[in-house]
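Two complexes come next, and they have one chain in common, chain A, joined by chain B in the first and chain C in the second.
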Partner chain A sequence: MSSTATTPELAKVGRLRSLTDFYWTTIRLAIAEQFQYRAATYMYILGMVAEPVIYLVVWSTIADQSGGSLNGLSAGDFAAYYIVWTLVRTMNIVFTPYGWEWRIREGQLSGQLLRPLHPIHYDVAEFAGGKIPWLIYYLPIAIVLTLIFQPTFDVRPAEVAVFAVAIWGAYLIRTFNQTALGLVCFWTTRVGALFSLYIMLELLLSGRLVPLTLMPDWVQTVAWLLPFRWTFYFPIEALVGDLSDEQLLGGLAMQIFWILVGIGVFSLVWRYAVRRYTAVGN
Partner chain B sequence: MTTLRVALLHLRIGVLNDLQYRVNFALQVLQSILAVAVGLIVFQLVFSYTNELNGWTHAELLAILGVQTLMAGVIHSVIQPNMMRLTEEVRDGKLDHALTKPVDAQVLVSVRQVQLWQAVDVVIGAVIIGIAFVRLGGDLGLLDTLAFAVALAFGAVLLYCFWLVLATGSFWVVQMWFLPELFEGIFQTGRWPVGIYPDWLRFGITFLVPIAFAITVPAEAVTARLDWQTLLFAVLFTCAAFAFARWFWRFGLTRYSGASA
Partner chain C sequence: MGSDPAVHVDGLLKLFDVPERDEGLKAATKSLVRRKTREVRAVDGISFDIEPGEIVGFLGPNGAGKTTTLKMLSGLLYVSDGEARVLGHVPSKRERDFLRRISLVMGNRNQLNWDLPALDSFELNRSIYQIPRPDFLALRDELVGLLEIGDLVRKPVRQLSLGERMKVEIVGSLLHRPQVLFLDEPTIGLDVTMQKRIREFVAEYRRRHGATVMLTSHYMADVEALCERVIVIHHGKILFDGDLTALAGTVAAWKTIAVALENGGGDLSAYGEVIHRDGDLVTLRVAKAETARVTARLLAEQDVLDLNVEDPPIEDVIELVFARASVE
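Entry: the complex of A and B
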């Protein structure tokens, strides 16, 4: 008798439980996978570390040339910024638009569309799981960089806490940004040029290339209006800068805002995009 | 002579193959321009804080950017596609097809794949070098021009040797998917004069990864900083690297067991 009333409730609980199970299993699988080819993964990470090391060397050279500091940033500050940068960059690796290009062109999406869960869940869980091995891989590199470049760190417990949350916020913002970009492949088969444009904007407006305070004022103003700064500059500054508690919490709120915007844009585009999907073969 | 003809024929087929996809050309031009734009913006930013970086002026750094872009075009259009195909075929056991042909196998594995549109960077790099050259006063003698051409050619050979050694590693290591990423990361160090890097890194990108010889030395030729000893050393180093790469490739081949192919 009462079962008619509780069935929807039960179904809801069941769905939630299977979703949690799905995330948990996928994350565990991803962790195991990323621990498989350790040497190859290390080589990949070494290639990735070159980028911040170059920026660091260039800007600390200029800081030294201008009498020790540049806009109040010393060589040690730059070192701290770019070492934490690498950590944030590791968190910021998400499924790329090139992946969507491949999925759609090769018809790989067909199988995923047949599953009862939206494909995005798989990407979010898979890459989240991969972070744990990657962070472990990265630690020795961070120690070596710290010994070489002598960063100046001055960290409060609140900053560490906010940082630990903000890197996941950055991960989600970037996930939905790049997924939305990847959906463009439902209309065009090539996304390379558009993705290059996106990366260019990100380099300049996120703090990836250089701490945003070194940018001209108008660039900083533009950066405030876009999601990019919340994926690099904010998490890094949360740890190495001296933001007040209000700024720290405000930053997290902005991250939530951009995650919601990302999910909204993604859901909207997805609805139209998936109708255009036609698999070849498979 | 036959070897050379076969090599040229392979390259021609590769070019013809890519010529089918014309839209890719436009997209590649767009991507290359964006990449150069980022480079120029970074220079703008750097020189809004200083007049020279470790003794190099804006125009001189432009010359380095030009050489680096040009070399990137050479690597991405010919060297990297062939070397990545080599690592894949060693893994899958398909290299048999190349080894059983009556031509030098090293030549064959180096010319089978061409990504023509990536060569857009060669043109863009050359244009940047030209602009830098004019801004530097455009005063380059015949001898300097010759030195530049020699440095550039040997630099390209040196990068090829480096890639061949890396790719030969696939006879021992199965997983090689990280190679482009690793190389690209290190290759980006070539956007700046090697002098700015700390000693250990400068040593690494001079002798282990020959970025300094491949990029800084030709750029020094354009900016009239090159002395004969450095050029001679670069040439000798390239010859030694080539001999080593060829020996290493043959040594790696002895490890090749093929698959059931």
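Entry: the complex of A and C
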């Protein structure tokens, strides 16, 4: 054997410090990447805004035709609801099960599994970073929507504070829910049908399609017991609704509960799922 | 050697259940009710040790089990049976300390962010592997200098050619200074110059940092240039494990004699099998035991200008190993 030198191992950094460093670095790179594709991102956000604008026009028209309000919600209330909806939607976009399907089927997960860090950290950090440019792109759209639809806002500082936290809570709930769903691909390869079912339930039970107060009582009860409500309706209501301080804090507590449930389910599924990885294609 | 092996493999087995069905709608409908699978033994009870600092070529035809073995050793795949240890770790546990000390480079895989300059991906690797910044900057500059890619690392990765991308990929994979390096076809698709550059780089990295290297390649030049020891695998089983030179001696029962003759020399079939003739230069295949006698006869009976006795090309030897294994 030819002569070789042996260099000492690299020094280790504390876990918390290294995670902080990793999140900060990934967030910075995600921002840089989003700026690189600013035109495509803007088109994406504009396309996404079409969904609530349709809901807004429909419900405002119905409210006007019903004597100015529907179940106590005026056209201005609907405008406020759906304009905040667009912000919440921008902030709760996550890595979808389709992404997991691609990673697993094409063997793209290999690169992430070789790193001394769970892949979920990368997804959380990258999508969190992406939100900063999205927020910048979103602001002019919000101004235009506000000028056109004249929303009714009556906001307390506590509501703004809870909203600022709740949108990140919504982001984490959706992240863990959709990641757990994505892990199904370790068994089925395709997750499209299951994800469609998830989105349908989310549309109906989260306040994404209509404000939950317009739904029958039993639907509202079911929605309260499931995670979806805490990813759309609660953050929106925290800002545009008339929730007491107890309701605001209770909502945050429910978000924490669903984040913990999500982490638990995801961790349990991951333990069995990753054993099935075949790293095909790569 | 007194130290523990860097890689220890004992009776390693990997089984895959592969779904299969005949062609056509009828077979597809039948598979709805009863799914047929076939058990494939991708790796079939192999055993070997690799000492720290050793560089070993892992050879075999497509589907032999090379990449599956590397994936098990790097923790990507769970083993079906047997034991694998790398730097004392069980790879499938994927402990952080283990993953910080190894790297798997696959010639057809892209780990760097496609849209950003490689420098940004290097920075991400720094944060992932918890590399202290002074060490990171020193090693990054060292590796970038060795591969002379200073002008490439500022371009978005998607704008690099295949060879350029491979070079920045390799640098990205080595920034955490892995002690064990698994290289799976690192020169695939590259031109000869680029292959040579990558080979020299791997040799230099190993020399500077004492890394253990396990290499698979379809290019025998890679193996000849880098590896003193080779492990030949076929149908998941090890056919040979030893010195590269010994492989030729063990498997090939012949040598070649390249002889340049005054005026072409006429018919030389009496000396051995003529496998090539180019003007006055003739190449003969001769039984190993006969080499000395035939050489002496040629020198005595012909007007020899030049004569070389060589082992057969390693490509031919490997081909012979696989051919024999297939017959058996």
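Quick note on the criterion: the second predicted complex is superposed on the first by the 268 of 282 C-alpha atoms of A that agree within 3 Å, B and C clash if a C-alpha of one lies under 4 Å from a C-alpha of the other, contacts with A are read in each partner's own complex, and residues count from 1 in each chain.
Here, contacts are C-beta pairs under 8 Å (C-beta built on N, C-alpha and C of every residue); 3 or more make two chains touch, one makes a residue touch a chain.
As the structure is a computational prediction, the values presented were derived from the model and not from experiment.
Trainee: Based on the superposed arrangement, let me know which partner A:I93 touches: chain B (first), chain C (second), both, or neither?
Mentor: neither
Trainee: Should A:I263 be classified as contacting the first partner (chain B), the second (chain C), both, or neither?
Mentor: Neither partner.
Trainee: Identify the partner contact of A:Y37: answer first if only chain B is touched, second if only chain C is, both if each is, neither if none is.
Mentor: both
Trainee: Identify the partner contact of A:V57: answer first if only chain B is touched, second if only chain C is, both if each is, neither if none is.
Mentor: A:V57 contacts chain B only, not chain C.
Trainee: After lining up the shared chain so the two structures overlap, which partner does A:I148 touch, if you call chain B first and chain C second: first, second, both or neither?
Mentor: In the superposition, A:I148 touches chain B alone.
Trainee: Contacts for A:M200 in the overlay, against chain B (first) and chain C (second): which applies, first, second, both or neither?
Mentor: After superposition on chain A, A:M200 lies in contact with chain B alone.
Trainee: Does chain B (first) or chain C (second) touch A:V165, or do both, or does neither?
Mentor: A:V165: touches no partner chain.
Trainee: For chain A, which residues lie in the overlap of the chain B contacts and the chain C contacts?
Mentor: Common interface on chain A, chain B vs chain C: 37.
Trainee: Show me the residue ranges of chain C that touch chain A in the complex, using the header's touch definition.
Mentor: For this pair, the touching residues of chain C are 16, 52-54, 71, 74-78, 94, 96-104, 106, 108-111, 113, 115-116, 120, 123-124, 126-132, 135, 156, 176-177, 179, 206-211, 228.
Trainee: Residue numbers of chain B touching chain A in their complex, please.
Mentor: 23-24, 27, 30-31, 34-35, 37-38, 41-42, 45-46, 48-50, 53-54, 173, 175-179, 181-186, 188-189, 191-192, 196-198, 201
Trainee: Would you pull the chain A residues touching chain B in the complex into a rising list?
Mentor: 37, 39-41, 43-44, 46-51, 53-54, 57-58, 61-62, 65-66, 70, 148, 190, 192-193, 196-197, 200, 203-204, 209-210, 214-216
Trainee: Using the touch rule from the top, collect the residues of chain A that touch chain C in their complex.
Mentor: Chain A reaches chain C through residues 1-7, 9-13, 18, 21-22, 24-26, 29, 32-33, 36-37, 107, 110-111, 113-117, 275, 277-279, 282.
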